[in-house]
Every structure is written in C-alpha cells, then in structure tokens.
Amino acid sequence: MDALQQLWAGSGLAQMTLGQGLMIVIGLLLLYLAIVRKFEPLLLVTIGFGGILSNIPGVEIATGDGLLHMVYVVGIETGAFPLIIFMGVGAMTDFGPLLANPRTLFLGAAAQFGIFATLLGAVALSATGVLEFDLKQAAAIGIIGGADGPTAIFVAGKLAPELLAAIAIAAYSYMALVPIIQPPIMRALTTQAEREITMVQLREVSKAEKVVFPLLLLLLIALLLPSAAPLLGMFCFGNLMRECGVVDRLTDTTQNALINIVTIFLGLGVGSKLSAEAFLNTQTLGILMLGMVAFAIGTASGVLMAKGMNLLSKTPINPIIGAAGVSAVPMAARVANKVGLEANSSNYLLMHAMGPNVAGVIGSAVAAGILIQFTGG
Amino acid sequence: MDPLIMQGVQLMAVGMGTVFSFLTILIFATVLMSRCIAWLTPTSTLSDEANQRLDQSHVAAISAAIAKFENDKLNK
Amino acid sequence: MDALQQLWAGSGLAQMTLGQGLMIVIGLLLLYLAIVRKFEPLLLVTIGFGGILSNIPGVEIATGDGLLHMVYVVGIETGAFPLIIFMGVGAMTDFGPLLANPRTLFLGAAAQFGIFATLLGAVALSATGVLEFDLKQAAAIGIIGGADGPTAIFVAGKLAPELLAAIAIAAYSYMALVPIIQPPIMRALTTQAEREITMVQLREVSKAEKVVFPLLLLLLIALLLPSAAPLLGMFCFGNLMRECGVVDRLTDTTQNALINIVTIFLGLGVGSKLSAEAFLNTQTLGILMLGMVAFAIGTASGVLMAKGMNLLSKTPINPIIGAAGVSAVPMAARVANKVGLEANSSNYLLMHAMGPNVAGVIGSAVAAGILIQFTGG
Amino acid sequence: MDALQQLWAGSGLAQMTLGQGLMIVIGLLLLYLAIVRKFEPLLLVTIGFGGILSNIPGVEIATGDGLLHMVYVVGIETGAFPLIIFMGVGAMTDFGPLLANPRTLFLGAAAQFGIFATLLGAVALSATGVLEFDLKQAAAIGIIGGADGPTAIFVAGKLAPELLAAIAIAAYSYMALVPIIQPPIMRALTTQAEREITMVQLREVSKAEKVVFPLLLLLLIALLLPSAAPLLGMFCFGNLMRECGVVDRLTDTTQNALINIVTIFLGLGVGSKLSAEAFLNTQTLGILMLGMVAFAIGTASGVLMAKGMNLLSKTPINPIIGAAGVSAVPMAARVANKVGLEANSSNYLLMHAMGPNVAGVIGSAVAAGILIQFTGG
Amino acid sequence: MDPLIMQGVQLMAVGMGTVFSFLTILIFATVLMSRCIAWLTPTSTLSDEANQRLDQSHVAAISAAIAKFENDKLNK
Amino acid sequence: MDPLIMQGVQLMAVGMGTVFSFLTILIFATVLMSRCIAWLTPTSTLSDEANQRLDQSHVAAISAAIAKFENDKLNK
C-alpha cells in the first residue's frame, strides 16, 4: 500500500544518515555527562537534548520554521540570549571579595593569557597545515580559555557561528572538568610552603562601594574599551540591580525566572547547531584539544602571576588562588579552596579565591571585546 | 613568518596589553573609589539606618492599614 | 460639530456589527463557563477574554499591528506556544504509574480511535454534503478526540488555522465536561462486577527508570516516527528536566513562570481568531458536535480495550480506567476514580488510571504526527 | 603600530562627543535619583542605565542590531510592553475602594484636566513660536498629566516616538515628586475645616462585584470608546484574572515574573532613546516644564472637583482625596493620607483616596484613547 | 486664532467631555451592577462557602492519595 | 466510494495501526528497560546515598563559610 510505503519512507530508520546517528549518540553522551557526572547540567542537559532533537531525520526542528532554528535566529544569532544570561550572572555576582582585595584583578588578567596563547596555537596549527582555522575562528576558539559560558557563546556567535556548538560544549565541559584539570597544574607550579600561605582576613566592604563599582567599571569601559560594552554593560546592569537595593523584585526575577527561561532556550538553540557536518570533523577535535590547552595555560598563568606578585609585595598571596583567575565561577574558587585545605587543613581560601574568580569574568569579557573589535565581529 | 601567525602574535600583544592595562586602571580606580567612599562616609552610619528603620515602620503601618481593610480573599 | 460626529462614528454603538455583538456574548459565555462553572479556567478565561477584545469594533487588536494579532503570528502560527506548553506539561507529568504498569499504554492507544472515527465522521458529513470539510480540516477536528489542548492547538494551527478557535474551545470545553460525558458511557459498557474489580498495588518505580523513559521514548520517535518529534520531543525534554534531578531550577521555572506566561498569550492568541466570520457558521456547530462524538468514542474504545485485555490476561484490569486513555489529564483519571468508588467504596483507582491517562497524551501526540505527515501539514 | 592606533581610534576617549558625555551624566543623574532619592526606582534605574549604555560611542547597542534597539523595536514601537505592564497593573489593582464609593470616579475624571490643559499649553507655546510642537507631540506631552507610566509610554510611542524618552522620564520623575508637588496645592485650595472632614467608613464590597466590574468596564469601552480598548482591555484582563479566583497561578506570574521581565526591557528600551540629539534640546526643557504644570493642574482640578461635589451632596468628601485623582498609584493616595493626618491626626484617608487613585488610571486611559483617536495615532 | 490652538481647544472640549461622560456612565453602571448583585445574592452565602470547603476537602483527599503514592524524591 | 471517504478510511487504518504498533513497541521497550535497570542496580543503593549526603555536607560547610563572610545586607 502507498500509505505504508509513505510511513516507511518517513520513518527515522529509512532516513537516518550515519552522521545523524552519531550525533544522537553524542547528544546522549552529553546527557550522561550532565546527569550522571554532573558536568554543568544546566547547559549540557539542554544542549545535549537540543542536539538529539536536531538530528532526528526528516522533520523541521533545527532548520526552516522549526522551533529550535527560530530560537537560534532570534536569541543566539542576535546575541540577545548570552547578553541576558550575562545580566543574570551579574545579578548573582558578589564583588565584595574583589573590592576587599583589588590586587586580585591582576590574577584575573594573567589568566586571560590562556585565551591568546590558544589563539596563537590555533593559527599555528593552521599555518602548519594541520587544521584550517582563519583568524576569527582562532579567536573564537581562544575564548574557551576564558572559562565563561555566555562570553564564549557570544563571541563564537559573532566570529564563528559554524563552530558555535563545539566551542560551547568545550567551554562548559572544561568548566566542569576544572576539579580534574587544575589541581595537578597548581601542585606542579607551587611548593608546599607556598600552598600553606595563609592570607589576611578580608576587610568588610561597604554597600556604597558595591553600588558604585559596577558604575565605575561601566564608565571605564565607555571611556577606554567600548567594544566590551555589550557584555560588560549588561553584566554591570545586573550587578547594579543586585546591589542598589531599590529594585529587589527585578533582581529576583533576573536571578530566577528570566535567567532560567533564557538558559533553556540558549541550550536548545546551541544544540540546534549540533549537525554532523558542523561537528564531526577534525576541527572539532582541534577545538577540544585547544580548549584543554587554553584551560591549562590560563591556570598556569594565574598561578605564576601570583608568585610574581609575591616577589614584589610584602602582603603574600597564596599562589593557588591565581588559578581561580580563569573564572569558571564558582568551581575554580572551590577547587582552590580544596587544594589549599590539603596543604594546610585550617587554611580556607574560598573567599580569597572569589576575588580572582570574578576578576576573571571581567578579564575575559575585556578580551572578548578586543577579539571582536580586531577580527571584525 | 606566516602572515596569519603575525596577526596572531600582534593580537596577543594587543590583547594581553589591553587586558592588563585596563585591569590595572580598574585597580587604581577601585582603590580610589573605596577611599573616597570611606572618606565621605562618617564612621557611624547609625543615624541613617535609624531613619530608614523609621521609614520602614511608617510603611509597615500603612501596609497594616491596607491589610486590615482587605477582608477579601487574598491572592497568594 | 465635526468632533462629536467623529466621536460617534468611532464609537462601538455606531460600528458594531451583529456578528461582533454575538461574538462578545460568546466570549462572556466562555468566561461564565470558566469562572462560575470552573471549565478549564486557565484557557477559557484567556480565550474568552481574548475573544471579547478581538470583537471590539474599529480598533486594531486582533488584526494588523494589534497586540493579539502579533501574539498569534509569533506564537501560534509558528507552533512555538503549544510546543512550549507541551514542554511544561512534560515537566509536570509523572510517568511512575505508567512505568509500573506499561500494559496501560494499550488503553491510551485504543482511546485514540476517537480521533480517527471523528475524522471519518467529518469526511462523511462532507461527502454527503451536510457540511464542507477537506481532509486537513477533518484531521484537525478529529484531534479534539485526543483530549489534549496543546496538541489540538498545534495540529489545528498546522492543518486548519481557520478552525483553530472552534477546535480549541471544543477541546477545552469537553475536557471540562469529562465528568458529565464519561460516566454514562462507562456504566453502559461495564457490568457492576467489572466496575468492582480491584487492581494490584502498583510497584515502586526507580528514579533511573523515570530518567531513562523520556530518552527511550525520544529514541523510538527518532527511529520510527519523526513526524511526532516536535510535540513528543518537547514533551520528553520537559519530563527529562523534571526527572534527571540536576536542573531543578529549570524545571521549576518551566512548571511555573514559563508555562504561565505562555498560557496567557496562547489563550489571548487563540481568542484573536474568534471572529464572527470564522466562528458563526455551521462548521462550528459541526465541530462542536463531532468533538462530543470524538470524546464519547474515545472513552468507549478505552473501556472496551480494557475488557478485551481482560479476556487475554490473568491480571485483571478494571475497565473503568480505560476511559482515562483519552488523556484530559488529570480530570479523566479523577472521574475513573469516582466511578470506581461508587461501585466499590474501597476501590481507589486514581493511581491506576494515571497510567492510561498519560499514555493517552503519548497516543494522541503520535496520532497528531501521523495526521500532519499524511495530510501534508 | 597600527594595532595601537586602532585601539586608540576605537576608544571612548577618542570617539565620544560632548552630547554623549552629557547624556551619560544625565544617565548617572537618573540613577542617583532612583537609588539615593528612591524616585520610581523600577523604571529610573533601568531607563538611566539604558541611557548610559546607549551613549557609549562606537558600539552598536541602541542602533542597528544592538540589543537595546531590538528591544525597542520589538517591545515599544509595537506597544506590546506598555500593554503587558498595564495588564500587570490591572492584576495588582484592587477596585474595592472605588466600588464602595463610585462617586470618586468624578475625581478621577476631573484630574484629567491636567492632560488637556497641558496639551493646550504646548500648542500655545508652539503658536507663539517659543517652542515647536505639532498636535501629536502636544497630546503626547499632555499625557504626562495622566501620572501613569505605561499609559504615557504607550501614547508617546504612538504619537511622538521622538519625544518618548523625555516624556517617560518626566512622567516617572513627577510621579516620584508627588509628595513635594501636591501638598502645597492641596493646602492652598482647601481650608483647615475642609481638610478635617472625616469620611464614612467604606462598605464591604462583594467578590461578585469585583469580578463583574472589569467586564462592565470592558463592555462600556467596547460600546462607547473603542479607541481606549487596547489599554483598558489589557488592564481589565489583568484585573479579571486577579478577581475571578480561578486562575491564581496566572495572576501570580503576571504580578511577578512577567511584569518584572517586561519592566526591565521596557526601561532599557526607553533608555535606548536617550540620545543627545533627541534629548538635549529646548523641547525637552519644555516637556519637563509642561509636565510639572500638568501635575499641578491635575491636582488642583481634583481638589476643586471634590469641593464642587460637596456643594451638591449631603455626604461630604474630604477635598484632599481629589488630588489622588491624578493616579500616581499609590503615591498620591499616601500623600493625601499624610496631609489628612496633619489636619486631623485621627483621620485616615488612605482607603478613601484609593478610589479616586484607581479612577485616575481609568480616566487617563480614556483620555489616551481620545488623544490617539483624534490626532491619528 | 491660530488653527493649532483651535484644534487644541476642540480636543480639550471633546476630551474632557468624553472623560466626564464616560466616567459618569460608568458610575451609573457600577451602582446598578452593585444593586443587581446585592439583589441577586441571598444575604447568607454560607452554603456556597460550605460547598466550596467540601470540594476543597475532596481535592485535598485526592492530593494526599497522590502524595502517598509518590515515595520518590520530589522536585521542589 | 467518495475519494475523500477513501482517504479517511485509509488514514484511520494507517493511524490506528501506527498508534498501536508504536505503543506496543514502547511497551516492550519499557519493560526491557525496566528489567535492565533492575538487573544493573544493586539491591542496596545506600552507599551511593551516603556519599551524596557527605557531598552535601561539604557543600553546606562551604555555603556556611560564604554566608559568614557576607555580613552585608542580602538580596532576598
């Protein structure tokens, strides 16, 4: 019968390509990592599921008028979703530890070396003919070293949308892997004595400082680095809402309903780019490898910077907290705390590590601005 | 040298330079800001807080009056 | 004076057509059913009010740049709103009772006979010249028998947008009327002894089963029935978020803020299609009549299927719970419980009826996929 | 080096115009008013920050594909955001005090004189060549006298989008200044004896009345004044959801997540219109001045109306509550209460003032409808 | 007189006229509505409320049954 | 027979056939899945839960440390 034939022709078994099948398996793998291994579940559950949905053959989901494609066009191509998420991150960020010890901004700066070293690695791979990346793609890959999900998605969406899914997955996976990637590097670059350094109790930060800081940051951005204004502007907006104390109902919604809704659709939208053609190639392998390198170099740079600062300053810094400069909030700070406790069981570094941790968010948003400005976003 | 690598090196130099310069300026600006605020703020801000508490009790009184009036079933 | 004339010319009294007046009365009737009679208030309040707004003469609300028309175009024409609601329904669905007794999926399958019998009824009316429906319209009418609001709106939006409002209203009204429609059918088709059958306590279902089930369903859809992927994919996504336990903040927002926001605009958007030309015709009468038939046939099929299964199986099923296979979650399950208690005052069927109840959701989404695929959605 | 030159050329210091610098200062001033002086913080924090963001030079935020420009186009140009906010305001409004004393609707009517007097003032300034406003612009300026934020934004968006930012800022600023603007006017127009008038306790209003009222209002709008239907329709919808008692979950979301999300983006979108060209001109000065006049005249009209009603009626009205007819909910009612307590320390007027307060919302929405209808919105 | 001022005066007349007329009609309609409802509603609505309470207890019983079944970890 | 009716009958046959086939396959798949999980899961999952509880107490300790630090007014 015709109808049975049409039914069979429309079935997944008849239409599925090998690529689609593999991508569904990769989607299941992401779900496994998210659900069982607890790898950044908010993003990897949504990206993974979006990836599976997008590889079901013969139905418009990630193409044409399909929901996920519309979500991608409306929210990610425009940059709106990562910016809104960044606003939400701002509304959840406490700059107190950073304000109590502003020197830790240097650690957040140093850790961005991972971004640019990786960029250089990508162009080197390209120059030697191993893989093919142009400068925009290299920049988008480098940003994985920023260890900041929305920043990575924003930059990749502007500079290399064809690599978006791979970059987002690498960024979130390595953020989840921070407890595995960072400790060996920390230990290799520090002595037991350095890891035992205790730091002075942080001073209390006044409400006024917390209110003024996002505005100060915004003004400096406006005067010096407008290209970082979309990301850091939304971030400062979220943070100002949080700290100003007069719009608590907006802050509450930003931290909850709004960021959750946008996260769901951001993840699905990123997942819609998980097509076999875009993902199953050597570039993706290169991205995963380079992303790992970016994290390692960023971690090392932060630790070495802290050691350098100790040479010049009387107030010592435990170099472990330098690793938190990569961001990966709050995982990297927790890892620093854990490694610190191993060296000295009464040395709680968590709050000290929150300073470089949030500094790293600012640092990689600044780097993102530069990358977009100079490679023509 | 390959022009792409040249561009990469230049981007790294500009990028790390900018990140460090910007965050250094930010450190100075932050320290300055904190000092200004400490200098402007009287040691005890008790009076301010007391005022605020009075304001809040005022608001509370009005709220109570409204609540008293509304014997109707409330939206949760 | 000119201005007074313009004022009068712009007034509703001067411009209102009989059709608009009647539609406003129908909107008020829907509000009465929703508010006083508690007929599916979430949808009938919003649809009813949207219908009144849309029939106010001389002002762009449901046309052109009017808010409700934009809502319709953005959310319903694209299918986005019903899909998001279906995701929310997934996030609120507990598959536990179904997993404890998977046989009840047969009941959910049988009840879909209501959909196809009604489709046949609609084409028969058309063939005999009583009313005029093409195959797409007949399919969209049939889906009322699925007793599932978002599924009905999704299918009608794809196959017969001109009938959307009538179909949505019929679907939600009959879902509200389940306590009146179903009991006589249940009683007519069963003996007192059958209604007294007690069922074995359901086994406890593990968390792992609940996590894997939505993925299993998704994979079967991908392999066998891609046309059902948009609806069931979003449904499984919501359910996976619910059960996986690592994204509770997303689940919470999906079950509350997100589904509520979308429900408000879905209702207003459906209401914007309540124009006199589209609604005040014999087709609407036909739809209301056929919808009732669909519910009745679906109920009967479910009950008869349960009786059939009892002939073949040693573990008896109380045939009353077959009626819950039409979906109308959770009303149909409650009605089954109530009728069961009438027959045997210690026979609580609620949890047993939840199995076919959620099976009916899957069943009608599968039927929806087939209808869209075969009538060219 | 080229790169350094490019960096400098891209910096804010090199690109910023005087106008942008001044607008950033104005943005900071709005934030100061909002955060320190507590001037309508929900809107002035978001508008102020949006204004600063939009004046950062050399980056697309309030233009082209920038986020704030997209927000403006999608939400404000279409009128969607103010309408949704008005729905939320409806969901937060209790018509009880108005229903207990419907005569207070007259006070809400009288206070709208501020709107039309200001319109006349604007055209007079234009006719005498002091400033240049056409009729649409004059109408949009007049609506500031309605003391209702979303209404003002909706009307300005339709009639004079180029003045939107100035009008929105004037409206919210003067609503915040009500405790300063109104008391002298109240005192100047009333005698001590009048201010001491105590009013009879308001009767209890039944749930049925509260449910029927929004529908009654909607029907009168439909019959008599369709041009007010978008604003008052959404307002009545929100209020019906609130009072009907069967869709509490929708009401809750409308009052919280939905209105908060829309407020954030409404503020940012209005802020995106804070460009130097549009704002730094004599028209803005005129708008600020006329807005103040509008509030003063509205207040005076409300008070005088109450005095007039006392001449005709046996049940006296404390003329202070007439001032609450400008809306500015709930600030104006609180101010009336405070002035009443000054005159007679046991005379609580708050609930009595809530009647004219919400009547003023209806009154200015009616006026808005007329303005849009007659100046061709 | 300037035609713009003419238009302004006319708009004021029409506007204030409409606002007053509409709100006057609304007053009458509201009073009528309240009277109708008072006339239709029996003085004691206790029975209604009692019914509702029964319904709610019914729902509560069902909810309890469901909750009892769900021994699994609940989403908060 | 009318071609529209023909199409309707065919659609019914295909539709009900598909619904039943698909749900039958789903039943078998579900039963299989449940058995696999039962087979893979050790009877007592106590150790897992205990681990998790430990993790949670760890998190709680860190959270307490953060809370202690934050003497500032908190956003609700």
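Here the chain labels run A, B, C, D, E and F in written order, and each chain numbers its own residues starting at 1.
The working rule: contacts are C-beta pairs under 8 Å (C-beta built on N, C-alpha and C of every residue); 3 or more make two chains touch, one makes a residue touch a chain.
Just so we're clear, the structure is a prediction, and the values are computed from it rather than from any experiment.
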Please report the minimal path length, in steps, between subunit B and subunit F on the chain touch graph. 2
Both-way neighbours, i.e. chains that touch subunit D and touch subunit B: A
Please decide if copies subunit C and subunit D contact each other with the same set of residue positions, more than half shared, or with different positions, and reply same or different. different
Any idea whether D-E or C-E has more C-beta pairs in contact? D-E
Determine, among A-B, D-E or B-D, the equivalent of interface A-F; equivalence here requires over half of the contact pairs to be the same by residue number. B-D
Per the C-alpha means, the centres of subunit D and subunit F lie apart by a whole-Å value of 48
Between subunit C and subunit F, tell me the centre distance in angstrom, where each centre is the average of that chain's C-alpha atoms. 23
Approximate Å spacing (C-alpha centroids) for the pair subunit A, subunit C: 41
By residue number and range, which residues of subunit C touch two or more other chains? 3, 205, 224-225, 245, 252, 256-257, 374
Junction residues of subunit B, two or more chains touched: 11, 14, 18
Which of the chains touch, listed as pairs? A-B, A-C, A-D, A-F, B-D, C-D, C-E, C-F, D-E
Quick one: which bits of subunit A touch subunit B in the complex? Just the residue numbers, please. 99, 102-103, 105-106, 108-109, 112-113, 115-117, 119-120, 122-124, 126-127, 134-135, 138-139, 205-206, 208-209, 212-213, 216-217, 220, 224-225, 359, 362-363, 366-367, 370-371, 374-375
Residue numbers of subunit A touching subunit F in their complex, please. 1, 3-4, 7, 94, 96-97, 202, 204-205, 207, 210, 242, 245, 248, 251-252, 255, 334, 337, 348, 350-351
Subunit D contacts subunit C in the complex at 78-80, 83, 211, 215, 218-219, 221-227, 229-230, 233-234, 237, 240-241, 244-247, 249-250, 252-254, 256-258, 373-374
Interfacial residue positions of subunit B with respect to subunit D in the complex: 10-11, 13-14, 18, 62, 65-66, 69-73, 75-76
List the residues on subunit F that touch subunit C in their complex, please. 2, 4-5, 7-9, 11-12, 14-16, 18-20, 22-27, 29-31, 33-34, 37-38, 41
